[in-house]
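A quick write-up on the structure given underneath.
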Amino acid sequence: MNTAWALIILPAVTGLCSLFIDSERLRKNLLVVVAFLHLYMSLQLCNGSAGELDGVWLGVDHLTRIFLTLTSLLFTGSAVYSMIYLDKHPHADGADLAGWQFLRNRNAIFVACMQLFLAAMSLAILSMHFGLQWIGIEATTLASTPLIYYHRNRRSLEAAWKYMIICSVGIALALMGVFFLAKTTTQHVQLFTPAGLVLFAGYLKLGWLKVAFIFFLVGYGTKMGLAPMHTWLPDAHSEAPSPVSAMLSGALLNCAFLGILRIYQVCVAIPATAAFASELLIIAGLVSMGFSGIFIMHQPDYKRMLAYSSVEHMGILATGIGLGGSAIAGALLHAICHSLIKAPMFLLAGNILSAFNTKKVEEVSGLLKSMPFTGMLWLAGFLAITGTPPFGTFISEFAILKAALQTRSWTTAGLYLLFLLIVFIGMLTIVMQMTLGRRPDDHADEHHHHNPAAKDHEQKHEKHHKHDAASAVSGSVIDEDLLQIMTPVIFLSLALILGFYLPEYVRQAINGGALLLGGAIL
Amino acid sequence: MQQFLTAILVITCGGLLAWLTGRLKTLSAAVGTGSCIGGAALALIPVTEILVSGGQTAEMVFNLPLGAATLKLDTVSAFFSLPVIVLGALSAIYAAATCHHDKHECGGYWFFYCLLMASMLFLTASANAILFLMAWEIMSVAAFFLIIHRDEIASARNAAWRFLVASHVGTAGLFIMFAVITSQCGSFEFASFIRTPVSAETASLVFFLALFGFGVKVGLLPLHVWMPDSYAFADAHVSAVLSGAMSKMGFYGLVRVLMFLPVHAPSWGWALAFGGLLTGVFALITALAQHDLKKVIAYSSMENAGIIMMGLGCAVLAGIWKVPSLAFAALAGALLHVLNHAACKGLLFLGSGAVYFGTGTRKLEAMGGLAKTMPYTALFFGIGAAAISGLPPFNSFISEFMIFLSGLQAARLGTSSALLLAGVILAGLGLIGGLAMATFSRTFGLVFLGASRSDKKVEPRESGWLARLPMAILVLAIFLISLFSPFILIPVTRVASTIAAASGTIFTQESAMLNIQPVTVSAAVSFFLALFVVLFWLIRSRFFSAGDIDNRCTWDCGFAAPDSRIQYTSSSFSQPVSEVFSSIVRPYRHGEKVAGFFPAHASFRTDAPDSLLRYLYIPLFGLIDRAMVPLRALQHGRLHLYICYLAIVLLALLIWKVVAA
Amino acid sequence: MNSIATLLALSCIFLLGSSRLLMSIRMVAFQGLLLGILPLAAAGDGHLSLALIFLSLASIALKSILLPWLLNKAMVDSGTRREIEPFISFGASMLLGLFLLAVSGWIVDKLQATEPVPSPVTLIAGFYLVFSGLLLLITRRKALTQTLGFLVLENGVFTAGLSLGSEFSVMVELGILLDVFVGIFLMGIMLFHIDREFDHLDADRFNELSDLEIAASPDEEVAE
Amino acid sequence: MISIHSVVFFILTLLLAPILPGVINKVKAFFGGKMGPPVLQLYYDIAKLMRKSATYSQTSSLVTRLAPVVIFFSTLGAGLFVPSFFREASCRFAGDVVLMAYLLGIGRFFMVIAAMDRGSAFEGMGASREVLYSALAEPAFFCGLLVLINETGDLSLSGIFNGLSLELWRQNPAIMLLIAVSWMIVLLTENARIPVDDPNTHLELTMIHEVMILDYSSKDLGLIEYASALKLWLFSSLLVGLIISAGAVPPYLHIPVFLFGILAVAVVIGCVESTIARLRLIHIPKFIVGSGALAIIALILKIAGN
């Protein structure tokens, strides 16, 4: 139990301290040390006794296991990455913020808020008490807003403001949901936790439970990025520094997702509400997938593309949970794979951004030649995120589809596949534009290749061919730092392994979680 | 089984090694080729065992996230892995021989080549839906990376894009298909698919989904649009493998699915037969209008897919009508044609590669007279061309003959539907055969005969012996298959009976002999004739005494100074055909009218891009794009309205679920 | 208790109508005060726990003193005095406010049909505050007013919570209060930044980030 | 499978084949009110060609020299399966018709590539037309054939044509007539006769068969001329077999009746050639497809019949 509290308090304290540390190196090292410490402790906690600890405030069940391990793994990754990221952005003093001296150094704020962010997420994941969980999730918003505003320019300010307002409103509604949920039980709840409420399942007042679920769905759904409440997501993800985007998409969304899972856990205990909740979740999921499809097609900004892909995957998760049965296990597996793939994608996007310093897709090309590793990983990540075997996403998506067909919900299955296809096509077009072709420097004749008017462009290829091949091999290669590549490689290979081998630990966690949510084991 | 897996492993690891050693071109080429050949040799042992001795099948069980999965090598998978093994090894040799032409860094190229080969072998062996889909997707992805090898070329990128999108759409179909079956029987194992009975509707749903999904790979009529460009822009040896081996995997899948479903419906047979007919005819009339050597060959592989499909359709119907001999002729013909097509198509693509390296172009308009400078390539390509047009005494004739035979037997059957089937097969194959003959006589003539049409004065050079070796081997294979067709038909019979047995059709000895005997005779007769030709050719010079022969310039009806420019070009050759089928092919015509008494400069050129692409797919995708654009206004960046969405959703849900309820 | 709820509702209608920022801030502060004494009223006859009093004092301190002061400072620094004409005119938004009052009445009525609540009027007020908070957020142009709107929303949530009589242990309540405070605090800081970057506080003019423009049409369009 | 008896008839066929063109030309001369060349003219021509010295184009390659041999032997091979004189063909087996068609096909293949081998302006023209027309003719031939198979229940040419009897004509004359007409058209197409092609026009631009062999001389030309005469004979004997069904003729009358029939066919061709003008090139495909249409109608009638 103490470990659990330590997991929350340690990063919080160190975070606050690092506001006042002056040496850049010390701060960064602290960040990494805390990350690894957190990872170590959370692994210990999760390997410990199964089921809940005392579970009034904090507790560890299978869902916690999945998301806690995932979060601190991702945090470690992006902490390591942000070492080099901060080197690339030497700390510049922001103008003074209305006289608060200690808020001047943006790198200090970055490091501090990263750790506070971790603390908040740990709280959100570990807390069993609905109120405590709400505090945690709200805290994540507060901790991450300064991170999004890291670059201190208009765009990032706008993104941060939108993020702040929309998420706070959403979360406020979730709080109302929490109050309603409290109302469902007999006046004074001893155990205001999912497990506690499930014990009372027979006596819960369905009317209030439904209202509560609606508020939870809208509130936490906003944070999770379910359409049409996802509107903050692309802005925040595209403007935030890459390691932060990685955390937002890989870990934060999961926390909000967990928030919804917790009340769903209560809902499934009662048949009537179970059907009600599933219906809403499936609708929300499909709508999100559709939205992301629309915006990924011809998306001019590759970080926004990743953001919308996150919206899509949140949609997949919601659909999977809503479908029930073996789809729930599939959804949980999918959550793991998505985090393991999306985070490195954002980090790679960071590499590309720092090399080409543009977020425009059409200004990036020939990655495979100019940044071979990043380019190859970018392609691999694309294949992984679109559910190409042997990556884990393939297994999870297939499991969800199978469940959809088993429950005879043809329209769901059809739309699900259609949206997956649209997203695939959209991302493929963008990724090919970025990775293939010549480097921008010898773009000159690229255009009159492209020129559709040229009737006999085939002939041109013949002419250009030799020279193309020559220019393809000649030319300089942008050097890539080991730290930039290592994290993505590790995460992607983990996602790859999940494709054909589920470690017993993961399998137990997933199956246990699925059972908690009234699903079938994988 | 162990041997087979080791082979796959060897190939994959060899590929990885080749990638790592990518900087050293020759080394990585050596590693890649070596692993491909070694793996092929290893895999060939169990495959031949199973095919020759028959019966015993090897199994092995894996553990996957979604439960245990079986790898199984039975006669059918062994048969379909043959083209992969042979073509894979031969094309690898060819690639090694020609890789010095390639200025790119080839390590990754080798890796994906090996991956493609390995995944196809794995595919044939996988007896589990998940494994199958995995292998299927890896295969497609590997092929994609092979196609984008020359990614500086915009059209190559388009081709690759189209390929991957098409194969993904197809795979979506397969996803649903397998999900439907598994939701019926709960397990992902093929064995359990066969055991569980399904309702007629489900069976039809499954079959048509499979036809869609696998049809994309084999190039069934409306789904073929990825094919020509991908084959054209990939390197020769890659196109050889894609066309000869990968597209055959589609047929493997189709056959498997037919084996899952014990009870077939007539509609499937008709769909296959008519689909095959339309595919074949469309492919050829489009091929005749092409001016890109490799596109012609690509369309012809679509045509052969059509022929195979007709055979399968006939077999399905015959199975329903309970006419074993008819079913046997059709099925064995189709299966044999798979092998034959692989051999011919490999030969033709490799030959086209040799031509490309020799002349530096793929355009028929710029070729001609290569027979003099590249005699071997000319010989090999000529044999390939004659073979793929199904002319005796070459191998494709044997398989087409068997399918014809099934048509004739259907005609004898007498029922109306049988007559209709016979009409489709006989008339269809007749037309297809004629058009194929037209296509390949045109291609061979334009490329190798006459005088050179190209204006650049570089002398085309024959490719090295190492590059010619695979072609020679394939030619040998062509002759062996046709010469020893009765013996080749023994394993084919075994495979065919395995497939037919799944749907309850049993081939008796005489039902097989009924078809094998005529095959033997016709093979023998055509070989005797060939023998006569050769003998006569040997003594031919005796008839001409020394002074008897003199050489002049071509007698162009008295035109004194003929030169290469007055030759018939590919456009003019295809003109009559495009004229007849102009409603389908719709070639573009470029060039100005000849005017005045002494016309100065005039030129004429046609090209015929795939009409389905032009009139169906590009407009369709454009439409979808345009439909999506207005919706993007939803993300307008106005905070107030974003919050408005939130409020609306909240109110809507409250009113819908709480107040209204 | 009902009287307090009524006051809250009235203050909302006033907020919807007023164009002067200073007045709006004061009105929100007044709401904070009311909200602070609401739990005491709810607890009613006799058993006032020490924790309860402490909580209400804390919330009064935060919501009706600290935050208004912060916002006031922001307003003064930015030198904006009054809200420019919103998307929906003040009169219209007042009418809309009345309509929302009706809606929340309706919803609460429906909710009550299944499960009775201790004080429906307070719950109505809670819903009404939430809705009008949203309305403020949606219709007002100034970032400052949006912050106010958010505060109103929060107040609404708390009112609803109190009306349902579902209060948690002190620790949770404190945590919630802390979160709200930090949130508004951050918003305040950002207001300064917005003022410095854009030298205006018009949130409706932030729409640099959008998906309205489209990438150059990709490969599949290229004619063969 | 092969009997001395049938070999004799096969040799007889080979000997008589070159008469047909002679007969046709006689008929045409008669219509033109001329004497015309003797009936045995083709024999003389071939004999003369065999003695002449050869000329080859410099652009030509081995293909030009190989083609005549292949054409000759493939036609010969095709002849093995075609029953003449209402007797067994010298070689029969199930589906031999396919082999026959494809043997003619390989002959055509070589004819075409040889034509392209000289790189001349005109021969390619002929080639491009030849391949199209022959391809269009195939379905007509096979459709007709499968109706006959359905009637006789045999899969070999000999079997089919010996199985035919007047009964068929009596039962469903329409079908038989349609087949006969469509096969007549096929014959005209395959053997390059008017209205598809004009063997002795003097304008190469409109030729098909003749223009492909412009560059041949001496023994090569002789072989080709003989092969095409033989081809004409084979197709005519199929037509005769169809119209005068074997069942209707008593064995001792086989030879005279067959000879009469085949001459009649030649006369008919002659009449057609001298009465009808050559079609314009753009109309020829319709003409051939028309024959296919007739055959298909026959098939449909048959299907409707049972």
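To keep things simple, chains are lettered A, B, C and D as they appear, and every chain counts its residues starting from 1.
Assume contacts are C-beta pairs under 8 Å (C-beta built on N, C-alpha and C of every residue); 3 or more make two chains touch, one makes a residue touch a chain.
Note that this is a predicted model, so its numbers are computed, not measured.
Shared contact partners of chain A and chain C, listed by label: B. Each step here moves to a touching chain, and the least such steps from chain A to chain B number 1.
Counting C-beta pairs in contact across B-C and across B-D gives the higher total for B-D. Overall, the chain located most centrally, as judged by its C-alpha mean against the mean of all protein C-alpha atoms, is B. Measuring from the averaged C-alpha position of chain C to that of chain D gives a distance of 97 Å.
Look at where the CA atoms of chain B average out and do the same for chain C: the two points lie 67 Å apart. As a whole-number value, the distance joining the C-alpha centres of chain B and chain D reads 35 Å. Between the Cα centres of chain A and chain D there is a gap of 76 Å. For chain B, the set of residues that touch two or more other chains comprises 154-155, 157, 161, 165, 625, 632, 635, 637, 639, 643, 646, 654, 658.
Chain contacts: chain C has residues 111, 134, 137, 146, 203, 206, 208-209, 211, 214, 217, 219-223 touching two or more partner chains.
Here, these are the chain pairs in contact: A-B, A-C, B-C, B-D. Contact residues on chain B toward chain D in their complex (touch as defined above): 368-369, 371-372, 382, 386, 389-392, 397, 401, 404-405, 407-409, 411-412, 414-416, 419-420, 422-423, 426-431, 433-435, 437-438, 441-442, 444-446, 449-451, 514, 517-518, 521-522, 525-526, 529, 532-533, 536-537, 540, 543-544, 547-557, 559, 562, 564, 566-568, 572-577, 579-580. Taken together, the chain A residues at the contact with chain B in this complex read 161-162, 165-166, 169-170, 173, 207, 210-211, 214-215, 217-218, 222, 228-229, 231-232, 234-235, 276, 280, 291, 294-295, 297-298, 333, 368, 383, 388-390, 392, 394-395, 398-399, 401-402, 404-406, 413, 417, 420-421, 424-425, 428-429, 432, 436-438, 446, 449-450, 455, 457-459, 461-462, 464-466, 468-473, 498-502, 507, 522. Taken in their complex, chain A has these residues touching chain C: 95, 97-98, 103, 129, 131-132, 134-135, 138-139, 141-142, 145-146, 149, 153-155, 157-162, 164-165, 168-169, 172-173, 175-176, 179-180, 182-183, 187, 192, 205-208, 211, 234-235, 238-239, 295, 298-300, 304, 361-362, 429-430, 432-433, 450, 452. Taken together, the chain B residues at the contact with chain A in this complex read 62-66, 102-105, 130, 133-134, 137-138, 141, 148, 150-157, 160-161, 164-165, 168-169, 172, 175-176, 179-180, 182-183, 292, 360-363, 588, 590, 625, 628, 631-632, 634-635, 637, 639, 642-643, 645-646, 649-650, 653-654, 657-658. Interface of chain B with chain C (complex): residues 154-155, 157-158, 161-162, 165, 609-610, 613-614, 618, 621-622, 625, 629, 632-633, 635-641, 643-644, 646-647, 651, 654-655, 658-659.
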